[in-house]
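Each chain carries a letter (A, B, C and D) given by its place in the written order, and its residues are counted from 1.
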Amino acid sequence: MSKPRVAIFDFACCEGCQLQIVNLEEEIIDLIGVVDVVEWREAMSEQSHEYDIAIIEGSITRPEDEHRLQIIRSRAKVLIALGACAAIGGVNKMKNNFDFNEVKRCVYGKDAEMPHLATTTTRAVHEVVPVDFTIPGCPINGEEFARVVRELLLGKTPTIPDYPVCVECKAKENVCRYEYGEICLGPIIRAGCGAPCPTAGWRCFGCRGFVDNPNVDAAKEVMEKYKLTVDDLKQKMVLFNSK
Amino acid sequence: MCECCTQEKKDIYLPELATITKRRMLNGTELYMHLQLDSGLEMEYTPGQFVEVSLAGIGEAPISISSTPTQKGLELVIRNVGTLTRAIHKLDVGAKLGIRGPYGSTYPVEQAKGKDLVFVCGGIGLVPQRSFIRYVLDNRADYGKVTVLLGTKCYDMRLFREEIAMWMERKDMCVMETIDEAHDCWDGNVGVVTTLIPKIENELPNSLVMVCGPPVMYKFVLMSLAEADVPQGNIFVNLERRMKCGVGKCGHCQINQHYVCQDGPVFRYSDLADVPEAI
Amino acid sequence: MSKNININVHHLTRVEGHGNIVVNITDGTIEKCQWQVPEAPRFFEAMVRGRRYDDIQTIVSRICGICSISHSLVATRAVEDALKLEVTEQTDLVRHLLHYSEQLQSHVLHVGYLVAPDLFGEKSVVPLVPKAPDAVKTIIKAHRVANQMSALLGGRITHPVTLTPGGMTRVPSTEELKALKKELEAIVPDLVTICQVVLSVAGGLPNFTRDTEYVSLWQTHPRHKGTLSDYTFYHGDIISTDSKGTVVPISKWESVANEYVSPQSTAKWTKWHRDSYAAGALARFNNQAEKLSPLGKKVAEMFGLKKGCCNPYFNSVAQLAECAHVVEASLEIIDKLLTKGTKFEKVKVTPRAGRGHAGIEAPRGILFHSYEFDKNGNCVWGNCCIPTNQNHANIQLDFDKLVPKYMDEGEDALRQKMEMLVRSYDPCISCSTHYLDIEFVR
Amino acid sequence: MSVNTVSKDQFKQFVAALIASEPSVVGVQAKGDRFVFDDLKSADALRLDYDVSILSPRKYVMPQKETLLKFEVGGDCQSVQDGKPLILLGVHPYDMAAINQMDELFSQDEYDTHYMCRRRQITIIACDVVSPSKNVFASSMGTATVQHGYDMLLTDVGESIIVEVRTDKGRVLMNHMPAARPASEDDLAKRSAVWEKNQHVLNKHVLECKPSYLPKLLEKNYDHPVWEEKARLCYSCGSCNQVCPTCYCFDVQDVVNWDMKTGSRVRVWDGCLLENFATVAGDHNFRKNRSSRFRHRLYRKGKYVPGKIGGQIACVGCGRCITACTADIANPVNVYNQLMERTDIG
């Protein structure tokens, strides 16, 4: 079996997801033992136009990025959206809640009209080209990434959990944030991360996106039970799950 | 390591190896294969039972036995629907699979002796039924009339065509076939399998009726059978559920109080009629 | 000698984010020599508006995955400044540890994975695996320990989740701190090994200097005077090699990082006393070398790095010295925490209107955040100034001197030196929130 | 069986001796303001006065992730029994009752060597409840005290601890308790008083019927509106499954190592409340509605599992699901009582 050729590309993002690949530490040696990494700008100088698997990090925010993504898609047999930005648009999508001209003025003042600052609606990768697999999270969970890669190489269809974060949070024996009167998005957000945030005493802020069928109505009613407001809930949902 | 258990009891999750001795695609998605256990032994099973088939590293799934215990080896038919089944489809003759079993309940092979039998098969539902049909044909004198109703979604999906053609030739059984969607090469019945039921209306009340097919089929077939006054105790259904162990532990296949892997997959319909989640 | 050189490095590799190098030399005349940044703008300062004070660090952490801990810490502190929140000594110390873990992971990553291949004449760390397996494994091990430290203190490696305005949502137990101490003590010899490996190929660092202004934090917090944390990454005000001892308070950072538009280049630049300044490990070293830990000093000596060094390539050496330093400084803090034991401290925050500022040393240099909140604690304004932006102008000025000096060595050698120069600044361009026009030369 | 008395100090020495000499000791200890079972590092950390642990000791008899087999990809498999000798210290009676049920379930019909090997290597030191938790209702379920399953049972009677030794495994451990003296009449009377009391006080929610009536009650109420009413708020988060000492449904997964040649087949906890628990090929979900999944759990506790284990109700009244359910709908007593309201007891 010849090793599959893998290329990693980044768009608008913080590159934290690529970092999680580096953070596989010793396992990265195993990884390069089973795949041929032919392009990975952040870690190596080689570049290539021939690859079987393209891994896309980041969301699409400019017309030129859309074009570049389409070229990558046309070359890749399998395209993986890596991380929240690629999977659901990530924090970048919060921009879509504002008027773009106003956004630009806010950040760039009088220089806002410079042509390169052109920005369009932030989109997730699947909103631009077809995506074969999605590894969510901000950042991704390295273990999950490693598992998905191995499953792909074996010809399995990698699965990402479709149950809420609470499953993993409970498994870690955390006391639920709601018991402290705090909001947590865990009940409606897709698991797979291992619930690091509630485990560290912080709320789940939804970086992996909603489960397929979130019970948002329940979430609203439950807020009232805990004397929290639906507005509080929406505030938190907007961080990673803006439209 | 705990010796108390491992010495006297075998590991219920440990498959034994079997070799693929024949394989052939029955249509675009269904693969037939013949397996021989590497131990050289023959598996002792009864029509209706299933085995857990696994490909180490990919996964495990329950698969009905399609052969009869009157023949050598095991015959399985596997539909390409997901990870494991896709991987199995790629295997060639000589490749190994893991097998555990047989598990589950059986068709009423003894009870049915001397009785008239009707088999209602929808699509891949023919696969487990074939085990019993062939068993009956191999012990033809023990059973009464045999009627097989076959329904398939479309012409190209039909299974075991040569074998069915041979059945059709036989004088000692009646086979009727229909396909859901008309096709140029097909001059037989068109319509869902329930459309065949009125044609044998007279025989039905005195027959044992075996039903197997996709989840949606049961409701309609059972309604037609009720209209034809078939007692619920004479109907046997073969159900599919998600399964992770095959031995009554994992909880996935449970329908109300029944475990499909232990109490099923073959149920007498009268035992299920009051079980809301069954059909 | 070639008279025509045409370098067009589109999306420089082995740096965080996208940067281009463009050089046009025709008949020996430099027509163009530019450092450009075409990173997609992400508008963080706009996105924080309307968000509650306790969501700010979660959002701005995403400015950069590589320095997410610094961004989270500085944002949390700027929010605390605005809301007038004091934190306990335990919080202060635990946050220091968290911050040190980032310095260590980032520096090891930069020197080990991104710079070392240049020195070994390779295009990435991958070929080094068979070539120098022990060295690579040692680097990986140090990186892993640093990351485990981040995960313990920050809840996860990247984008920490234990920071909240006013305190920490989780503090490590004494058991966990003891285990961490053991790990850190164990990697000290590994760090020395890494230094020796780099030293063996350090001849590959170009001998290039340019008189430069270096800007960094200067410790002004009484708690850390006389400790190893006096070499500051976390607290303090602003100093530069040109400021002759004058310390500018953090709240006035905008008067230091005078952002301006340069007519001859593309990125938005910063300047203080001169046309450009540098931030980063070398800047910190040049301002406070005498405060380094014993092992940190030893590492600097190994490489002949001395205060006043103006060779930008030596930023990587300063990073190595800082690796040794932060391990020793972390051990000092762990001991301090262990003497009292740690306990969870509940925080209570009452929102109020106000504006706050904070500065911190990210691994790649000084970083500023400011926010303003309304009386309900919702953000109405934010401003961030990222170290890489502060270095863009300096990279350009280095180029201006470097290209004439090395253009006779030919295109490949020149390109290599320019790429290495940019890499030595350890830029994480994905950080960049402000930049201007881009132009591609084909 | 022998019953002994030790002072609290002597008991502490006993725990210290266990930690020093036994391969692995797990005990209840504080985690923030709650309690968990975890590796016990010092006798001081043990908290036998705990109310309830966040997860039940099920995580030791049936771990969240457990290797069943090792294999070569596409090839042969070997059994793995990865259980190790372990002392489980501080198991409450209701949790003991749950473990007794699991023992029965995993040994009946098809004998599960993986569960049973692990279980046989575990020595259980149970302890009677000192501080009832805020949601416990073991009194209602008849599990406030327990008569069997443990190797040793501790009862705190104030100034001293009564130690009942039940099995050979327990007897061996008595070597670490040289100071124990046979319990006096007076000690036994005090212990009976604790039992007497616990039969009544572990009852923060009161089931309004005998537990043995539940199967019948459920049989009559499959289409009761309560299922829909409650399940409307269900997140399908399975928290109720995760924390329950009697839930044991599992998933089986193949995990392949980086060499891509070897791997292991593992079983991991699953939960019937999770949306795709009953989904089969073709995306057909046999329990698609939240209400059908919600109902399934309460039927399983009150009817289906009892059918397998001689009528014992598979809810031991620990109250964990009540605390764990964010939507506050999982309380079995609430549901069963609501069914009672509209059903005449025949």
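Keep this in mind: contacts are C-beta pairs under 8 Å (C-beta built on N, C-alpha and C of every residue); 3 or more make two chains touch, one makes a residue touch a chain.
This structure is a prediction, so every number in the text was calculated from the model and none was measured.
Averaging each chain's C-alpha atoms to get its centre, pick out the one most distant from chain C.
Max centre-to-centre separation from chain C belongs to B.
Centroid of chain A to centroid of chain B, CA atoms only: how many Å?
Computed value for the inter-centroid distance: 43 Å.
Please compute the C-alpha centroid of chain A, do the same for chain D, then give the distance between them in whole Å.
So the centre of chain A lies 37 Å away from the centre of chain D.
Would you mind pulling out the distance in Å between where the CA atoms of chain C average out and where those of chain D do?
Using C-alpha averages as centres, the distance is 50 Å.
Using mean CA coordinates as chain centres, what's the gap between chain B and chain C in Å?
Computed from C-alpha means, the inter-chain centre distance equals 65 Å.
Where in chain B do residues touch two or more of the other chains?
In chain B, the residues touching two or more other chains are 57-59, 82.
Could you say which residues in chain D touch two or more other chains, in rising order?
32, 73, 256
Would you pick out the residues of chain A that each touch at least 2 other chains?
Chain A, residues with two or more chain partners: 154.
Going by the touch rule stated at the top, which chains touch which?
A-B, A-C, A-D, B-D
Touching residues of chain D toward chain B in the complex: what are they?
Where chain D meets chain B, its residues are 68-69, 71-79, 81, 83, 105-106, 109-114, 116-118, 120-121, 222, 248-254, 256, 263, 265, 267, 270, 272, 277-282, 284, 286-287, 292, 296, 299-300, 303-304, 307.
Applying the document's contact rule, which stretches of chain D touch chain A when the two form their complex?
Chain D reaches chain A through residues 31-34, 36, 54-55, 64, 73, 232-239, 242-243, 255-256, 258-260, 269, 271, 274-276, 290, 323-324, 326-328.
Over in the complex, which chain C residues touch chain A? Could you list them?
Interface residues on chain C, with respect to chain A: 11, 13-18, 38-47, 49, 51-52, 55, 58-59, 61-66, 68, 109, 113-114, 117, 123-126, 129, 136-137, 140-141, 143-144, 147, 154-159, 161-162, 164, 168-170, 261, 268, 428, 430, 433-434, 436-438.
Flag every residue of chain A that touches chain D in the complex, lowest number first.
Answer in residue numbers: 27, 30-31, 33-34, 146-147, 150-151, 153-154, 162-164, 166-167, 170-171, 173-176, 178-179, 186-188, 211-213, 215, 217-219, 221-222, 225.
Which part of chain A faces chain B closely enough to touch in the complex?
The touching residues are 154-157.
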